[in-house]
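Right after this note come the structures.
Next come two complexes built around chain A: one with chain B, the other with chain C.
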Partner chain A sequence: MKTIVSIRNLEKHYGPKRAVAGISFTMTEGEILGLLGPNGAGKSTTINILSTILSPDKGEVEIVGHDLRKEPLAIKQNIGIVPQDLAIFEEITAEQNVRFFAGLYKLKRDDLDELVKEALELVGLEDRKKEKPKTFSGGMKRRLNIACAIAHRPKLIIMDEPTVGIDPQSRNHILESIKTLREKGATIIYSTHYMEEVEAIADRIMIMNEGVIIAEGTKEELIQIAGNETIYRFELNNSQNLDEQRISQIPGITNVHLAENQLTVQSEKSKSILHAIIATLFDNGCTFEKMTSKETSLETVFLELTGKRLRD
Partner chain B sequence: MRFLKIAAFDFRNIIRNPTLLFSNMVLPLVLIGVMGFVTQSFFGSGLLSSYDYYGITMITLSALLVIMTATNAFMEEQVKKANIRMIYAPIAKAEIYLSKILSTFLVGTLSFIFILMIGQYGFGINFGGDHLPYIVILISMLVLFGSCFGTMMCCVLGDEEKASSISQLPVLLFSAFGGIFFSTYGLGKTVAFLSNVSPVKWIVECAFRIIYDNDFTLLLPVTLSLLGASAVCILVCQLTFKPEEFTC
Partner chain C sequence: MLTILRNRFLRVPDKLYIIIIAVVIIPLVIGAVIYFSGATQSPYKIAFISKEDAPPVKHELIQIEQMNERPAMSALVMGKYNAIVEAVEDQKYTVTTYKDESFKKTIEEYFETGKLPVNHTTAKRGIGTSILGVILLIALMQGVALTTFYPDDRNKSTFKRIMMSPLTSRQYLVAQGMFTFSCLFVPTYFVILVMKICFKINIGFGLGALTGLLIIATALATAFSLFMASVMNRNISLATSGISILTCLLAGCLFNYDSQSKWLDAVTNILPQKPFMTLSQGMEGGQTFSDFPWQIGYIVGWIIVLWFEGSLITKKKVQKGIY
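After this line comes the complex of A and B, so read on.
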């Protein structure tokens, strides 16, 4: 697989503050990288460096084989940025928007019509192309925002929270569009605060905090880091006869805690042991009113690694 | 080619904006009409009518106020957001601010040519008769300076509102001491000194000398000074324009 992004020991400081503190990673062609991190983690600085807007203080960056310091214009020609803000003109038609922004890239005049059409089709706005964005819903504007960034067929697409504040239907459309772009060979960096989006589309997830990459891997690999477990909670009606030791002895149980008729049992996620726990409770003469279970998720991983919720 | 495409696009954006269109094409005529009407009794029936006097002074003031058009064309909220894409595109940063200067200059120049023509041939205001092309050159240079100055203020301050409000202060001071609203003649040495350092005074003086004295001696130095000042503004743009500020 061809390497599209190669970053080694990237650093960026704002005065004494290290916004990016020596990160390294690579991306191969057709890969979707989900970039997660709380506010101030260094995601935007990294994105701004990759888009050549900011100069790094240290480190090497190569995008599509071009050195960031030596060939910034060649890099710009090969990347498409979907900014968090809606970067579109409201007073001209959707088609004119895409045409104007695509025209800023070196494209053959003959290709432009086809590329504009292709971009609008991809985001599902072909039939609204003659309308002005000021008449669009928030979701449609977001889709146009994407079309303007991809019409020149960039090899690397960087999306910075492209689905903020839109309806589920538009969100699904955008996520499907991103998968289509990958199928066409685009490499995508997807920065978001929505964990479920990353789970749905990313091949690999990178979590940043305080300027460094604190975890990286597939969803399954990250969940493994945080301990792949299931936590069961029982609200018991009576617990005076319960022998906690008997529950602890069930294979796969890692921890048992009983306090004021609240029983918490932690187990390895892969083990199917709920029936054994319930049988043991009945054997001990215990009945319960309510039972809940919770599995380790990306949200749990994120919380454990950063100490913050993603949307904080 | 891409630079011209961006400039043409910016040009269309300005003329689509009714407020900018009004301030460049209608407001100067309104100002001339109001000031000329209110002060006509002070001017008598001599060679110079109140409309002739305020025709030149109000056009000079309006041409300077192109600064506001420039700041709006560069950093009005909607335009600024869309400009983010230009920053991501493979174009030099100079093309971004130069396109704003060029588009503002073209809109301003065309507007003032229209106003001068309407004023002279429609309302009978004396804008120089056969010498009208020289007045057009003079006002165009002032529009160029206004376009460059407004864009420079945006590059330095990074914000339309700040750039507009801060720019208004020197414009008003130079205009007041330059004799735009009332003649400063006979108001004492201090006012005379301040009047002499006001570029507006020399532009108005130059225009009146061309129109009434057939005297072109000030045209070249005033034009070159405005061109030089515009070049300085462009240099400051290049040094201070930070594209990354658009993305933050």
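After this line comes the complex of A and C, so read on.
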């Protein structure tokens, strides 16, 4: 597979603060990379450097085979940016917006008409192309924001929180559009605060914190890092006869904790042992009102690695 | 760049004040200036202070108002009188004026000899120069309003997005400059042309000279507005209007004056409006552009410096990630 993005030891400082502290990663053609991190993690700085509007202090960046320092214009020609803010003109029509931004790239006039139509169709705004965005809903504006970034068919698309504050229907539309873009060969960096979006579309996930990459891999690989386990919680009616030792002896159980009729059992995720736990409880004369189970998720991984919730 | 220029014109209908400035305000002001300049019957309005004597002289170009007491100096500043003349002894007069030294001598000579000096027209500012002085002030003040899309783009993040495309900040500013220039030049030129051709009003210049002078004035206003919009983030219009009024007054765009202060002269001589007024006055007096190489070079230098500085500031701000 062709390498589209290659970053080695990238650093950026704002005064004494190190915003990006020597990160390295590569991306291959057609890959979707989910970029996660709490606020101030260095995601936006990394995106701004890849977008060529911010110069790195150190390190090497190559995009589609072009060096960032030597050939920034060649890189600009090959990338499309979906900024976090709505960067569209409210006073001109949707079609004029897409035509304007696509027109900034060196495209033939005949091709331009076709590309504008294609971009509007992809985001589902073809039938509203003659309307001005000031009449659009938030979700439609977000979709137009994406259309403006992809009309010139960039090889690398960088999306910085493209679904902030929109309805579920528009979000699903956007996620489907992103999958279509990948099928057409685009490589995508997708930065978001919504874990479920990353889970839905990303081939690989990168978690940044305080300017460094703290974890990277597929969803399954990251969950493995945090310990792939299931946690069962029982609200017992009575626990005076319960022998915790007997539950601990069930194969696959890693930890048992009992406090005030609250029983917490941790087990290896792959083991199917719920029936064995319940049988042991009944054998000990214990009944329960409520039982919940929770498996390790990306949210858990994120919390464990950064010490923060994703939307903090 | 054409894409940016087309974008500006597409967005104009939504910015009503741009249309009002370009199609209503600028033509109205210019029309008013031409009308009132033409209505001025006498180029010299003199307040003659004397309790007994009637004015010793009479001339069709001089309008003399006799009075017993000296009028307030504000009457000179406001342009009610061009000079105040007092008889000190027989055939000797003192002349007080804010206009330049040559004008003062012209009036002194006129009262002492009863005749205007042969070269008196050189000291006189014609209608054309007066019109161009006001046009320069209007252009400097309104240029920034016609540059509004640039700060607008910065505030709405579209500028950042444009900077992520292959277009450079310099190309963007050139396109914005072309838009501002055309919005200033076209209506101004059109109104003057209509006045000159349709209403046969003498505006003091031939079409060639007028075109050249208007190009210089609007190019200066465009470069100034781009510079101000690059330097400032807020209250751009307020600051630009203040600077424009002050510098135009000091440079004598609205009326001639003699400062009698070397310091003030030194300051005003730095301003680009000063050589522009000298150039206009000379052109109206029958001279050509080639007679003013220093003045033209100095104004073009200002235009280049303002544009280059504005462009450099914008580039630096983009690189620092401020936008």
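Miscellaneous remarks
Here is the rule we use: the second predicted complex is superposed on the first by the 312 of 312 C-alpha atoms of A that agree within 3 Å, B and C clash if a C-alpha of one lies under 4 Å from a C-alpha of the other, contacts with A are read in each partner's own complex, and residues count from 1 in each chain.
Here, a residue touches a chain if its C-beta (ideal position, glycine included) is under 8 Å from a C-beta of that chain, and two chains touch if they have at least 3 such contacts.
From a predicted model like this one, the values you see are computed outputs, not experimental measurements.
Per the definitions stated earlier, placing chain B and chain C onto a shared chain A by superposition produces a clash between them. Looking at the shared chain after the overlay, A:L104 reaches both chain B and chain C. In the superposition on chain A, contact is made by A:I53 with both chain B and chain C.
Touch criterion met: A:K76 reaches chain B and chain C at once.
Shared-chain residue A:L122: touches no atom of chain B or chain C. Shared interface residues of chain A (contacting chain B in one complex, chain C in the other): 48, 51, 53-54, 73, 76-77, 79, 81, 83, 85-89, 91, 100-101, 103-106, 148. Remark: chain A residues 48, 51-55, 73, 76-77, 79, 81, 83, 85-89, 91-92, 96, 100-101, 103-106, 148 touch chain C in the complex. Against chain A, in their complex, chain B makes its touches with residues 2, 5-6, 9, 13, 16, 78, 81-91, 243-244, 247. In the complex of the two chains, the chain A residues touching chain B come out as 44, 48, 51, 53-54, 73-74, 76-77, 79-81, 83, 85-91, 100-101, 103-106, 148-149.
Chain C contributes residues 3, 6-7, 10-11, 13-15, 156-158, 160-167, 318-319, 321 to its touches with chain A in the complex.
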